[in-house]
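This is the structure I want to talk about, given as structure tokens.
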Amino acid sequence: MKTTNNVFRLFLKGKAGVVGLVILSAFILVAVFAPLISPYPPYERVGTPFEQPSIKHLLGTNDIGQDILSEIIYGTRISLLIGILSAGVSLVIGTIVGMTAGYLGGKVDAVLMRAVDLNLVIPMLPLMILLAAFLGPSFWNIVLVIGILSWASPARVIRSQVLTIKNKGYVEAVEVLGAKPFYTIVKHILPPTMSIIISQLILMSSRAILTEASLSFLGLGDPTQKSWGIILYYAQARSAFLTDAWLWWILPPGILITILVISFAYIGNTLEEIVNPRLRRNVGK
Amino acid sequence: MADAPLLTVAKVRKTFRQKLRWSERKLGDDYKNVFAVDDVSFALERGETLGIIGESGCGKSTTARILVGLVRPDSGSIIFQGKEILGNRASDVAAYRKEVQIVFQDPYEYLNPRMRLKDIICEPLVINGNIQDNRKTAIAEELLDHVGLNPPNEYLNRFTHELSGGQRQRVAIARALALRPKLLIADEPTSMLDVSVRAGILNLLRSLILEHRMSMIFITHDIATAGYMCDRIAVMYKGRIIEIGKRDEVINTPQHPYTKALVQVCDNLQGFISEREHYILDGEVDSFEQGGHCCFAPGCVCRDGECHCQDQGSQELIEVSPEHFVACAHCH
Amino acid sequence: MAVLEVRGLTTVYKTQNGDALALDCLDLDLDKGEMLGLIGESGCGKTTAGYSILRSIKYPGVILQGTVRLAGTDLAQLSEAELRKHLWKEIAMIPQCAMNALNPSHKINSQIFEAIEVHEPKTPKNEIQARIDTLLNSVGLNSRWKDSYPHKLSGGMKQRVVIAMALACNPKIIIADEATTGLDVLVQAQIMALLKKIQIEHDLGILLISHDLAMVSQVCERIGIMYAGSLVELGSTDRILENALHPYTKALLTSQVSLHGIHKIVKPIEGIVPSLTEKFIGCKFRDRCKHRRELCGIEMPKLEEIERGHWCACHFSRELGDVIHG
């Protein structure tokens, strides 16, 4: 049996996971202590527009004279938050669908799994763009759009785990006692699935951060909440690509998105290798 | 006996659909029906222990699973304390489930490794909604003490992986007792345990039955264990009961050729080896078609034309002496 | 005369908590044409004993010391290649879960063929084929089964195939490790009958490793009882059943349900087997023993010949048993 302790020990053996964890912790610290770290308030004009990097403004200023470094530091908050929240939404849906399909089986399973297949074959980004444009740009709309459209792959993984646990003797033993399905799921099937849910949450977060950046870059993000995607959107809209400004206006948020996504992916993949029965042989024993 | 039996099982039948191998499939027919339990009937008195013995795959475990509601039979009836259980009255079924509990074969599989013993043992009460949180410890302690895990407070907060196989099986028994059932089903409770601890579990079950005036259905593949535990013994073969009767009669004067062979193997293996042609046809008999003859005929030493019968191939159970029934054409 | 002589065979398993002493100084003789039963509960080292005798134990199992003489040759002195030649030809194994020992993707015929060809490369092909037919017949299988894949066969039939393979190169000794575990009662009995038959026909020495004292005592001439890695009693079946000397053997006998004694109350052996990783001083059974005395905690009892051909490792076996002198 895998205890939490055991998972943790195996996790520390995988180097990628540890690297990811260190990077992610750094980002979280930056997000939490943004007001302390950032040199200026991000929504105030603290310089002249289009300033080049200087001691005063390490990454220059944007088109309306806001400090880009401060924007990026605060952007960490929004990007992380959107990523984790949308992953949360997709995992809530995915867990419910996966648990129901796996536990009840039969026709319910067949119907739900066809829905999952449908969800997996539809090209996601165009659909998201469409939906985001239709709902209008706001923080919560972005969270919902990403969440609602990306529950399929976690649902699938969770279902397969439920199928394994459902056939364990102790689940059967509880059924003999007259337990209702809800009780059995919450008490006996959810706990051993938790580690898989968490690894999925982390993987989905990285994807959500990337998706949010894409949507925002296309102008579908919430313009009042400065995420890294929004920064990129404004940079592009103000022709930063055509001047030297891309060096300090586009490159830093771009690199940060990449690093954050990679750190999530490292953690998520390592966790998944440990907890997903089908990948387990790759790590340890 | 004056009272109606506690449990009456009549003509219970269950077939499983088995997927055929590619080579055996016919067009449009990927499955064949396998009789897991075929026309099984018996009655169980209050306070009585019935042993069901048979080889693996003979349907003894499926019978147990039908009785606790894990498997739904295709047809038949189960009457418990005068009420039909296979009808759809949900309240009857719920009441029945509280009265009938099972101890499974594998104590490693059937206890949740993430739960503390206290919670495992009290779970039946939690599920059936009659326990307050503050009573849990007291009830669990009493039950642990009851199944011989002393001192109970040392075990309350342990996890199953800290226990030996025998101790786990005791926990499983404690859980089964929590609802004070009238019927306990023990599905090979000692076959996964080490020889030296088996006796402990057997004796525990015997004393609990007496103390709580429970009935028990004890499933095993070992006729000696059945003899030790049971008042009556039923022998199953290929899904059917082929012999049922009082323990001493089945063991001392077995009638069916299969039972005779079982008793001889257990009683005197040397004798069986030196004259096994008297008990069972030697070699491996595996190619047999269902239907048309007694299910034991392919391996039977006394088969002849009479063993062929019209319907599904079942010989009827015939009463050879009071309460001793045998399904063999040669035994009357 | 002994074909197989095991002396001081000691095997440990390397674990995180140190070495687990799975086999502690095993001394054992197996005579020609004799069936010797080795009994013990799970984890008592009986399987380890089987593999250690064959020197085919794999890491984390390590043989620390001991000699295994097979018809005079010390298996320990042989090189890998020479050892491999000896296995099958001199000594063969019927492994635990023999049903899984067959490769599911090859026909029965080719599996036996390969086994013979590897060990006797000079034998002509048609001779091998003829021998396979004879082998299958001698284990009670129709030779038409040889063109089947293992999954077509029932458990008992697979077991027969595995026995046929063990016999393929005419070994002098067969080690059967739980050869009938997991089979149905009647099939078990038939397999035991088969082992008995080949023992007599081929004048084979068979080491029968099992947990089932009742069954083994019916077919073996001698029995060895193992507990926590050590052989605690060894003697003729009759003497052990009549007059067990070691307290563990006695307890084991009274813990078994038998068909004769269904009215007798059986008694479990209280307590648990000590951990094999512990460094043990004294008798390993003492915590569960009713007769323990001070000496049991100080000195480990050695296997001694208490009466003729009846060995026991207990300080007080002379007092506890009804020993025949002379």
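Points worth noting:
Labels for the chains are A, B and C, by order of writing; each one numbers its residues from 1.
Simple rule for what comes next: a contact is a pair of C-beta atoms (placed from the backbone, for glycine too) under 8 Å apart; a residue touches a chain by one contact, two chains touch by 3 or more.
Everything numeric here is computed off the predicted structure, so don't read it as measured data.
Put simply, the chain nearest the middle, going by average C-alpha positions, is B.
Counting C-beta pairs in contact across A-B and across B-C shows that the higher total falls to B-C. Rounded to a whole number, the gap between the C-alpha centres of subunit A and subunit C is 58 angstrom. Put simply, the C-alpha centre of subunit A and that of subunit B have 51 angstrom between them.
Put simply, the C-alpha centre of subunit B and that of subunit C have 32 angstrom between them. In subunit B, no residue touches two or more other chains. Contacts from subunit B toward subunit A in the complex involve residues 68-70, 94, 97-98, 101-102, 104, 106, 109-114, 123-124, 127-128, 161, 172, 175, 179. Per the touch definition, subunit B reaches subunit C in the complex via residues 55-56, 164, 166, 194-203, 221-225, 227-228, 247, 251, 258, 261-263, 265-270, 272-273, 276, 280, 282-284, 286. Listing the residues of subunit C that touch subunit B in their complex gives 41-42, 140-142, 153-154, 156-157, 160, 184-190, 192-193, 196, 211-215, 218-219, 251-252, 255-260, 262, 265-270, 272. Residues of subunit A that touch subunit B in their complex: 1, 168-170, 172-180, 183, 188, 191-192.
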